[in-house]
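The structure under discussion is supplied below as C-alpha cells; questions concerning it will follow.
For clarity, chains are labelled A, B, C, D, E and F in written order, and residue numbers in each chain start from 1.
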Amino acid sequence: MDQILSLAGQNLLSPVILCFVLGLSAALARSDLTFPEAIAKGMSLYLLFAIGFKGGASVAEHGADLRLGMAVLVGVVLSFLLPFAAYLLLRSLARGVSATDAAAVAGHYGSISIVTFVAASTLLQARGITFEGYMVAVAAAMEAPAIVSALWLATRGGSGTKITPDLWREIMLNGSIVLLLGAFTIGWITGERGLAEIAPLIVAPFKGVLCLFLLDMGIVAGRGLRNARGVISAGVIAFGLLMPLVGASVGALAGLLLGLSAGGVTLMMVLAASASYIAVPAAMRVALPKANPALYLTLALAITFPFNLTLGIPLYMAVASALAGG
Amino acid sequence: MDQILSLAGQNLLSPVILCFVLGLSAALARSDLTFPEAIAKGMSLYLLFAIGFKGGASVAEHGADLRLGMAVLVGVVLSFLLPFAAYLLLRSLARGVSATDAAAVAGHYGSISIVTFVAASTLLQARGITFEGYMVAVAAAMEAPAIVSALWLATRGGSGTKITPDLWREIMLNGSIVLLLGAFTIGWITGERGLAEIAPLIVAPFKGVLCLFLLDMGIVAGRGLRNARGVISAGVIAFGLLMPLVGASVGALAGLLLGLSAGGVTLMMVLAASASYIAVPAAMRVALPKANPALYLTLALAITFPFNLTLGIPLYMAVASALAGG
Amino acid sequence: MDQILSLAGQNLLSPVILCFVLGLSAALARSDLTFPEAIAKGMSLYLLFAIGFKGGASVAEHGADLRLGMAVLVGVVLSFLLPFAAYLLLRSLARGVSATDAAAVAGHYGSISIVTFVAASTLLQARGITFEGYMVAVAAAMEAPAIVSALWLATRGGSGTKITPDLWREIMLNGSIVLLLGAFTIGWITGERGLAEIAPLIVAPFKGVLCLFLLDMGIVAGRGLRNARGVISAGVIAFGLLMPLVGASVGALAGLLLGLSAGGVTLMMVLAASASYIAVPAAMRVALPKANPALYLTLALAITFPFNLTLGIPLYMAVASALAGG
Amino acid sequence: MKMHEAKRVEIMIEAIMESQVTRSLAAAGVTGFTILPVLGGSGRSGQWTREGSVSRASGMIAVICLVAPTRLDALLEAIFPVLDDHIGVVSVTDTQILRAERF
Amino acid sequence: MKMHEAKRVEIMIEAIMESQVTRSLAAAGVTGFTILPVLGGSGRSGQWTREGSVSRASGMIAVICLVAPTRLDALLEAIFPVLDDHIGVVSVTDTQILRAERF
Amino acid sequence: MKMHEAKRVEIMIEAIMESQVTRSLAAAGVTGFTILPVLGGSGRSGQWTREGSVSRASGMIAVICLVAPTRLDALLEAIFPVLDDHIGVVSVTDTQILRAERF
C-alpha cells in the first residue's frame, strides 16, 4: 500500500501529469490558452508513429513467438466482451442514461486510449520495468472490436443500425489504427538498425512531446467538463471511476493467463481499463448519431482518462508487480 | 566600446539574427515564403513552455530566496511606470500621434517581448554568463500591468474605457502568461530531474526552433513594414529606437538595486527595453479599438524588436557587465 | 549488377521508403489517415531549411572554388535544356497528350524534386559517401529555368503566353527557392560553428522528419493515383519511368565533366532525373491554366518520384561510383 | 455581364459525415461543391471549438453547392436522409452565377 | 421539400471579439451560429493575412447565424454595440431553411 | 435598424490566383473583401482536398466582397479576365448591409 502511494505520489509530480493539470486548470479558469488543431493532430500522429515503431523494433529484437498471436487474440476478445460489462455497470449505476447512450459509452470502454498506454509505458521505462514490444499490436487490435459490440447492444431493441461497408472502412481503416500498425510493421521490418536511424526524432524527444500533448488534452478535457454540466450525474461519475477498475481486473487476469511479464500485465490492465477518445467517438457519431457525444466524450476524456493517468497506472503497476512478480 | 562592437558583430552574424534578416528580406522582396499560422503558433507555444520550464528548474536548483519576490515586485512596478515615460516621449517626438494611439503604444513598451528575452538568454548562455532563473517569472509578471496604465492614460481625457471583468480575464489569463507561469511552476516542482526527462525536446533543439521562429517573425515584420507606409513618421521611428534605451536604463537601475548578477541585470534591461507583440496588442484591440494597430504593431515588431535583437542586446550585455561586474 | 540489386534491396527496406509505401497503401485503401496541411508544410519548410543550411556549412568548411560557380551554371543549363528532351519523349510515347500538356509536363522534368535530392543525400551519408556541399545551390538554381523553357514550348504555336513581371516574381521569389538559398547562405556565413548551434534540430532528427514527410507524400501520391484514372495511359507511364533515366544520363555526363566526386555525380543525376512537385506546378497553374494538373502532378508525384526513390537512387549511385570511381 | 439564376445551398454538417454527403450529392448528379472548414459554433447541443482537438467526432464542415434551380429538389432529397438524426443545418438562397454552362 | 423563410446573418469581425459577439448573441436568445475561419482580407485599414502570425490582435472570423425573420431585429440590436468602433461588416440575406423547428 | 441594399459576390478560385484577383479588385476600386480558406471540393476536374498537401498548385480560396449594387458591374468586369481559363465559380446574391458608409 505504502509502495502504491509513493508510486502514485511520484507519478503525480511528474512533468507529464503536471502538464495535464496545467491544461485542465487553464481551461477551467477560462484562459484562452489553446493549441492549434493542426499542432494537436501533428503531436498525435507523432506519438502513434513513435510508439508503433518502437514496439515493432522491440519485437524484431526479442523475436516474435506464439504469445504475440495469443496476446492479440485475447485483446480482441476483451475488446468484444468489455462493452457488455460496461453496459450493465452503467445502466445499474446511472438509471437516467438511455440504452443508446449506454451502448455508445460501452463501446468506448471496450476500446483503448493510446495516450494512456503511452503514459503507462513511459512510466514503466522510467522505472526500468521491461514489457513485451508486441503490446502495441495488442493495443491496435483492441481499438475496433468494441464498436461492433456497442452497435449490437444499441440495436438489440431492433432500432436497426447495421454496419454498412462504409462504416466498416471507417472502423478498420481509421487513420490511427493504420498508422499504429503501419509503424509497428516498419519497426519490425527495419529493427534496431531502423530504430537507430530515427531515434533522435522518436525516442529522445518523446517524453517532451507527450507533456505538450497532455497539456493540450488537459485543455480539451477542461473545456468538456465546463460544457458538460447537466449530462454528468453522480452515477455517471461513479461509472467513470469504477469501470477502469473492472477493466483492469479483467486485464490482469488475461495478462496472467498469457504469462506476460509484470510490465506486460500492467499494460494489459491499462488497455482494458482505458476508454477510447479517437476511434470510437468517430464511429459512434456515424453509426449512433442519437447517442449524446457530451456524455461519452466527457466520461472518456475528463473522468476516466485523468483517473487512469494519475491513480490508475501506479495502482495497476503495483498490482501487476505483486501478481506477476516484477 | 570595442568590446561592444565585436559583441554586436558576432551577434549580427549568428544564425538567429541572420534568420530574422532572411525573413525580413523575403517579405520586403514580396516572396511568398510564409509559415502556416498553426506552425508559427506551435513554435511560440514551444518557446514559452521551454523557457518557463527551464527557468523554474533553475530556481529549483539554486533555491528561491527573497530576491525572487523582490524582483517580481520591481518588475510589476516597472511595467506600471514605463508606459508613462513612453507616452511622454512619443507625444514629444511625434506630435501627429493622437492621445489614444500614444496610450496604446505606451502599453506595449511597459510590457515585454518574450522572444527578445529568449534571444538574450540564449546569447548569455552562449557566452557562459549565468543569470537568475526566476527572471522568467519577472518576465511573466511584467506582461500585464502596463495594460492598466495604458488604459488609464487613454481615458484620463474622460472617454471612459473601463476594465470590464472580461477584459481582466483577457489580460490575466492570457494564454501566453498562463503557459509561461505554468511551465515555470512545473519546472520548479519537478526540478532538475524533470528537466532531464524532457531536455531532449526543450533544451537541445531550442536554438534551432528559435531560428525558425525568428525567420517567421522577420516575414511578419517585413509584411508589416510594407503595409505601414504613411503611419510611420521620422518621429515615430526615433521613438522606436530611443524608447528601448530609456527602458534599458531604468531596467539597469532596477537590476543593480536588486543586486542581480550581470546576466540578471542584462535580462532586466532587455525586459524593460522590449515591447510586447502578443499580450498587449490583443488587449488594446478589445479595450482601445480606436487606436491604430498598424502604429503599435509596426513599432513593436518592425522597429524596436529588430533594434533590440541586433544592437540592443549586445549593448545591454556590455553595460550590465561593466556595471554589475560580470 | 549484384551490387545494384543489393543496394536497391537495402534501400527498399529502409524506414524512409517503407514510410512512403505505408502512406501510399493507406491512401489506396482509402484510409482516412492524413496529415494536416499545416504540418505537411511545416515539415517541408524544415527540410528545405535543414538541407540548405547543411549545404552552406559544408561549403564553408571545405571552401568554395570555381567549381561551385561552374556547377551552378551547368545546373541552370540542364534545367533549360531537359524540358526539350522531355517534350519530345512524351509526345512520341503518348500521342494523346496535347502540346500544352506536354509543355507543362516538360517543365516539371527540367526542374527538380528537393525531397528526392534529400533522400539521395541521406542515403549517401548512410553509406559514408561524401559529396560537394554546394550541390544544394545547384538544386536551387535548377528549380526555375525549366519554367521558361516550358512556356516557350507551349507558345511556339503562338498562343501567346508571356512571362509577366508577376510571373517572374512567382518563379524567382518562390518560397522554396528563397528558403533553400537563404538557409544555404546563412549556413555558409555561420559555418561549422553555426551548424553546431542548431544541429540538434536540423541534423539529428532530420531522418525521422524525412520519414514522416514521405509518409505524407505517399498519402498524397496515392490520392492522386486514385483520382487520375483516365489521364494516365500506358505511354504516359512509360514516359514517367524512362524520362528519369534520360535525365540521369545527362546528369551523369554533366557531373563527370565538372569533375565532381562520386557522391556529387550521384546528386547531379538525381537532380536531372527528378521532377518538380512544388515550384513548377504552381507556375504552370498561373501561366498555363489550360494544361491539366492531374497529368503533371500524377506523373511527377505518383510515378517518377516513387521510381527514383526506390530504384532510381540506388541505380544512380552505382553508376556514379562506377564512373567516378567512388 | 450575363448572369443566370441559381440556388446557393449551404449545408453545415458534422465533419465525420463528409464522405456520406459527397456521395449522396454525386448520386443526385451534383458534382460541383466546395467545402469550407468550420472553427466552432453553437447549437442545441451546446458550444464547441476545434482548437486543440484531435477527435474526428466533433467538428463540422460547410458544404456549398451552386446548382441550377431545377436541380434543387433532387439535391435536397439526396441529402435529407444523411442529415436525418445528424447535427446539421441547411439553407438555400437565391443567387446568380456567371458561366452557367458549368452547372 | 418544405422550406421556411429565414435570414442568414453574416458577421465578419475581429477574432479577438469572438467571445463578446457570442455572449451578445446568447443574450439576445440566438444560440445557433457557426464560426468560419478567415484567411485574410482588405478594408479601409489595409490588407492583412493570418499566415505566420502568432498575434491574436489581428485576424478575423466570420460568424454565420440563421434566424427566423422575427428575431432578426433583436439579433442586430444585440451585436450593434459590439461592432461599434470595431472592425467588422454585417450582411443579412433572405434565405430558406430546412427543419425550421430548430431555429 | 437601417439596412442598405448591397451585393454579396462570392468568388471561388484557385489559391494561386489570389494576388491577381485582389489586384484586379483594387484596380476596379473594390478595396473591401474577405478571404476564406477552402478545405476541398469537387468540380469538373474531379475531387480534391488540401489535407497533407504542400503544393501551392492545388487548393482554392473563397473571396467574398460586399459591394454597392452600382459597383457590381465594374467588379465583375475586373475579375472576368482573371477567371478566364482558370478554375473558379462566381455567384452574386442580393443582400443588405449595416453601416453602408463603409462600402
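Heads up, the rule we're going with is that a contact is a pair of C-beta atoms (placed from the backbone, for glycine too) under 8 Å apart; a residue touches a chain by one contact, two chains touch by 3 or more.
What you see is a predicted model; the values in this text were computed from it and never measured.
Chemist: When you check each chain against subunit A and subunit C, which touch both of them?
Modeler: B
Chemist: Can you list every chain that touches subunit C and also touches subunit D?
Modeler: Common neighbours, subunit C/subunit D: A, F.
Chemist: What chain is the most remote from subunit D, judged by the mean position of CA atoms in each chain?
Modeler: Between subunit D and every other chain, the largest centroid distance is to B.
Chemist: Find the chain most remote from subunit A, comparing centres computed as mean CA coordinates.
Modeler: Relative to subunit A, the chain with the farthest C-alpha centre is F.
Chemist: If you average the CA atoms of subunit A and of subunit D, how far apart do the two points sit, in angstrom?
Modeler: 34
Chemist: Return the distance between the CA-based centres of subunit C and subunit E, expressed in whole Å.
Modeler: So the centroids are 45 Å from each other.
Chemist: In whole angstrom, what separates the CA-based centres of subunit B and subunit C?
Modeler: 41
Chemist: Touching at least two other chains at once: which residues of subunit D meet that condition?
Modeler: If we look for residues of subunit D contacting two or more partner chains, we find 36-37, 47, 49, 56, 93-94.
Chemist: Spell out, as numbers or ranges, the residues of subunit A touching 2 or more other chains.
Modeler: Where subunit A meets two or more other chains at a single residue, that happens at 32, 34-39, 41-42, 204-205.
Chemist: When you check every pair of chains, which ones turn out to touch?
Modeler: The complete list of chain pairs in contact reads A-B, A-C, A-D, B-C, B-E, C-F, D-E, D-F, E-F.
Chemist: Which of the residues in subunit E end up touching subunit F in this complex?
Modeler: Residues of subunit E touching subunit F: 10, 12, 36-44, 47, 49, 60, 62, 73, 76-77, 80, 83, 89-94.
Chemist: Under the stated contact criterion, what part of subunit B meets subunit A in this complex?
Modeler: For subunit B paired with subunit A, touching residues are 36-39, 41-42, 45-46, 49, 53, 169-170, 173-175, 178-179, 182-183, 185-186, 189-190, 194, 197-202, 204-205.
Chemist: Under the definition above, what is the set of subunit E residues touching subunit D in their complex?
Modeler: 1, 3, 6, 8, 22, 26, 31-37, 61, 66, 93-99, 102
Chemist: In the complex of these two chains, what residues of subunit B are touching subunit C?
Modeler: 13-15, 18-19, 22, 25-26, 29-39, 42, 126, 204-205, 207-209, 211-212, 215
Chemist: List the residues on subunit F that touch subunit C in their complex, please.
Modeler: Answer in residue numbers: 14, 16-17, 19-20, 45-58, 85-87.
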